[in-house]
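Same chain, two partners: chain A is paired with chain B first, then with chain C.
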Partner chain A sequence: MRSRQTVLSLLPAVLFTTGMIGLPVVFLFVLGFFKIERGNFTAVPTTDAYASIFKDPFYLEMFFRSLWIALFVTFLCLLIGYPIAYLFYRAKGRWKGAILLIVLAPLLTSTLVRTFGWMVLLGREGALNSALLWLHAIDHPVVFLFTIKGVLIGMTQVLLPYMVLPLMAALETVSPVLEEAATNLGASSWQTFWRVIVPQTLPGIAGGVSLVFILAFSEFPVPALLGGSTFKMIPVYLYQTMATLLDWSRGAALASVLLIGSGLVLYLIQRLFRGMTPWTSAS
Partner chain B sequence: MTKQTILSMALIIAASSLVGCKSHRSNSSGRELVVVSYPGDAQIPYRKFLADPFEQKHAGTSVRLVPSESEDVVAQIKAARGASPYDLITLGVPRQITAVEEGWVEQTPAADLPNLDRVYPQFVSACKNTGVPETYSLIGIAYNPDKVSAPESWSDLWKPEYRGKLGMTTPASNLGFGLVVMTARLAGGGEDNLAPAWPKLKELGPFVVAPSPEALAQLFERGEVSIAPMWNNDAAILALHGMKLKFVQPKPGAIVVVSCMDVVKNSGQPQLARQFLNDEISQEFQSHLAEAPWFFGPTNMDVAIPAGSSAYMPTTVEGLKNSVYFDWDKAVLHRAEATEKFDREFSR
Partner chain C sequence: MDECLMSERSSQWLDRFGGAILITLATVGLLSLILPTLIVVVESFDTRSFIAFPPEGFSFARYRDVLGSEIIVQSAELSFLCSLATVAIDLLLGVPAAIAIVRGNFRGKDIVTGFLLAPIMLPGIVTGIAILLFYSLFGFSQSIPLMILSHVVFTLPFMIRLTMARMERTNQSLEEAAESLGAGQWQVFRLILLPQLWPGIIAGGGFAFLNSFDNLTISLFTAPIRERPLPIELFYMTRFDLDPRVSAVAAIEFVFAFALVALFDSKLRSSGVMKDI
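Let's look at the complex of A and B:
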């Protein structure tokens, strides 16, 4: 009886995931093996679309560029996110609430709105350039918009909460007893941090890194708006291929490559962290 | 409430919303015309002077104007087998040629369009004698007079003073494609030979590529660009709103791009849709289109260009004739290729 209830209660979730995510992904993958001419589906299977991607250095370069941008953004988020989460861990009382609010606040507005905000801030005559010029830090406005600089700034800000939240959760589980033990045994605070606290938060780091990487690798609005419509990243080009060139076969193939590539890197990240945390089954 | 009740309620709500989506159009009590029109303010005259009077004239009919970029809509029309989700669609001439060729727009009988007699014949043939020519627009050059001097011809775009201040759009839009074809012409190529355009366009760098013609306005506003090829009506509207912007029809002429409105095949209301087309090319509606703040080129020859619009369009039949007309039949064959080439050449 109990198991039947469990099955029944899981059914909507299973149906939803299969119907809304699983099947479309399979359909997308298969779509890449057929030629779709001018919106008409031709039932003759062909590997042309996939071949055109793998044989073309243009796509290969774009794939690796998207990959390094995603990895670099993940690194930046970790670099900025960890101190914020650590501050939260150390803070007491109302400060804790304030930090949490600051971390969560960006999630209250959509990515699109925040990206438009960055467009205003990073513009040639935007707030950032005006401030730097006023401070005589620069002679000429720095071009942020439609360059990789702007995209990295925007993506890091947009994805930061996804790094900080798992880190906060992980730090909350750090046992203060171990910290005291380390101090009593003569460890400096730096040593305690690196050798006692950080290892305990590795599962949280794994979670944050995986989450930010997936989101960064497939991010569309930020690179499209801050990088411009010719910014060389798979999601931007994917949109062009599907919506502008109407080449659905190649678009489907490109989307599948993005999905498989992202899955592969995610697997590697998980393996790396599992190797680093043998005492726990970080997943 | 037990878990099961909540669950079944959620399922019922989810299921009914799905059913609701499907029967949305056929269930409505009156008749509805779904018209794919321009996005933004350009839609206002269509609502005010065409759709609203049409609804009054045909009781029980409602007109829904869908603002959309034609590419997305074309994809949807092609994807929908059977009944079309749209009844009428606005297509710029390059896409009109493809649509007629692909056969998903209707060849409207001339008997249903008495107003067509008063439309410039070159525009009727530009629309491949299908649908009606609803407006024409011009691609010229817009510039910020506070930052750069006025260009006089298309080749002036290559002047060193404009380096780093130029904006453009990709050939996915007619505006961007127009620049590519014009560049090809200047570099010794033409509509059927775009190859010479690419090295010549490279000389224009560094430039900013806007995702759409509308996005160019923001770039001007924020000082990211000071000069760019622009639609005449966009430039006129921006200047009217107080933006520092002037429009020139550069030598040898601004590029004329005719917009056609077609009845989509498999429309649920073909007869009604044709009546809408006929109203659209009436002298009355066309006169409104040519006025500020819309600034559309009228296709009905009985319309006199208002004084306030004269900076943005030719005021005489002669002037209209001397503008630049591309051979779109040829150019359209290279469009997809040009869009892809542009991405490859200029992606960063």
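Let's look at the complex of A and C:
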């Protein structure tokens, strides 16, 4: 390709990305330092928005609660997602297709629809309570909706495919020769799984964990609907701040904190996994 | 000594039950992936005017209500048209960029590629707020064009990545052969390159369409207040009480998405594009 042609092909996409999201994100950090009233930007510099976030224990508590929820959801996704990917790896023919379909199907339905499904499932007169009452496992309906239990269940399900897909791809690269060698040398089936197969998929685990964490830390519809509009998590409160309180400068500051916080945790996750997989840094 | 015994015992225990634990966890996971959607579809035929499970009768009442509701139908139409526009812009910006990245030879290629794919890693709520704040500074308020452009922001990386993945597998000697036989640049693009690229383009476009159609978080900040796209309408319908009509909308959406995939599935699968996603 000629160089002029290359530039002409790339320029529209680069200009668009710069103007539509590059500059807005840079300005987001800056805007938190100015006073914005009801959408009217004033050139009065102030550190009020950032100061109130870092001084108020309310925000600190919310930040760590969001972090805790996101990390716990990521852990649950890994705990349930790895067995699914492994089952896919072991399955053959029709079963393989069926598992792939079940994992991909939720990606085709909107998060909103699936969240609504959980509201039907977890409600006072929902499917889960009906089933448990019918089985006489409980006497009174359990309250799931608008509690942290419901939010954790819903977020895990909504984000599960994003964990399973990278794991499936990672398991595809596992070498069957090593597995045979381990078996021949007398390793039990669990030892082969835990000490031969899982370590080979660590890069895939790192990918899935990073992706699910980012999505969980900023997930909005699930906590807003299953946890209620006052659920204490950054994205829910951020929406409140922007849409109901119309406090745009605090919104900008809070969004910046969310972005920097998730970037920081992401960096730590990647470092942790790089330490566990020294062989990948060589390539 | 004790430790050795312990680890041996626990490993024996895991040998026996490890497989069963894995299968149980996988089953719970797979069930949780399909159950909510299935339950919504079943519940959508209920006769009652509120949400409860199991349903007490069978009727199409909720579907009639949905199709009779001007607000829902209009918001679905709006979402559909906006998603089409989003995909069209994705194609115009993304396909040339993907070709240039793979074929071009220039300095800072990795940086440009990383920059173009980066918006995918931004949390949706941050993207929405950043666009809203930046453009209201210049007097552009929430509107349909702003919403479409904000959808292009997070769907363009899909389009570029999937087209790039196809592009990397094309055979450059075919283009050279065509050129040496006297084909013009446009002819090479249309007759040689495009037929090889289309599985990636369709997968990218389909993915972009569904993601745009379903997007709530970014639209909440960029969509106009009066004319609402479908996800926002559904969000308001579920936020304060469970509007039973949502179950019917959900069922329709589900069938629609499945039909779209079934339409292209066999062709896309044979071309191996699934691996690129």
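Keep in mind that, in the parts below, the second predicted complex is superposed on the first by the 264 of 283 C-alpha atoms of A that agree within 3 Å, B and C clash if a C-alpha of one lies under 4 Å from a C-alpha of the other, contacts with A are read in each partner's own complex, and residues count from 1 in each chain.
Rule of thumb we're sticking to: contacts are C-beta pairs under 8 Å (C-beta built on N, C-alpha and C of every residue); 3 or more make two chains touch, one makes a residue touch a chain.
Every value quoted in this text rests on a predicted model; they were computed, and no experiment measured them.
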Partner touching more residues of chain A, whether chain B or chain C: C
Touched partner set for A:146, first chain B, second chain C, both or neither: first
Partner chain(s) touched by A:126 [first = chain B, second = chain C, both, neither]: both
First (chain B), second (chain C), both or neither touched by A:6: second
First, second, both or neither for A:231, with chain B first and chain C second: first
First (chain B), second (chain C), both or neither touched by A:45: neither
Touching partner for A:221 - first (chain B), second (chain C), both, neither: second
Contacts of A:246 with chain B and chain C, given as first, second, both or neither: first
Residues of chain A contacting chain B in one complex and chain C in the other: 9, 12, 39, 119-120, 123, 125-126, 224-225, 229, 243
Touch list for chain C against partner chain A, complex: 11, 14-15, 18-19, 21-23, 25-26, 28-30, 32-37, 39-40, 43, 51-54, 92-94, 96-97, 99-101, 103-106, 112, 115-116, 118-119, 121-127, 129-137, 141, 149-150, 152-153, 156, 160, 210, 213-214, 216-217, 220-221, 231, 234-235, 238-239, 242, 246-247, 249-250, 253-254, 257-258, 260-261, 275, 277
Residue ranges of chain A touching chain C (in the complex, touch as defined): 1, 3, 5-10, 12-14, 16-17, 20-25, 27-28, 31, 36, 39, 41, 79-81, 83-84, 86-87, 99, 102-103, 105-121, 123, 125-127, 130, 153, 156-157, 160-161, 165, 169, 188-191, 193-194, 214-215, 217-218, 220-221, 224-225, 229, 235, 238-239, 242-243, 248, 251-252, 255, 258-259, 262
Chain A to chain B touching residues, read off their complex: 9, 12, 38-40, 58, 62, 119-120, 123-126, 145-148, 224-225, 227-232, 237, 240, 243-247
Sites on chain B touched by chain A in the complex: 3, 7, 10-11, 71-72, 74-75, 78-79, 102, 170, 172, 208-211, 218, 222-224, 336, 339-340, 342-344, 346-348
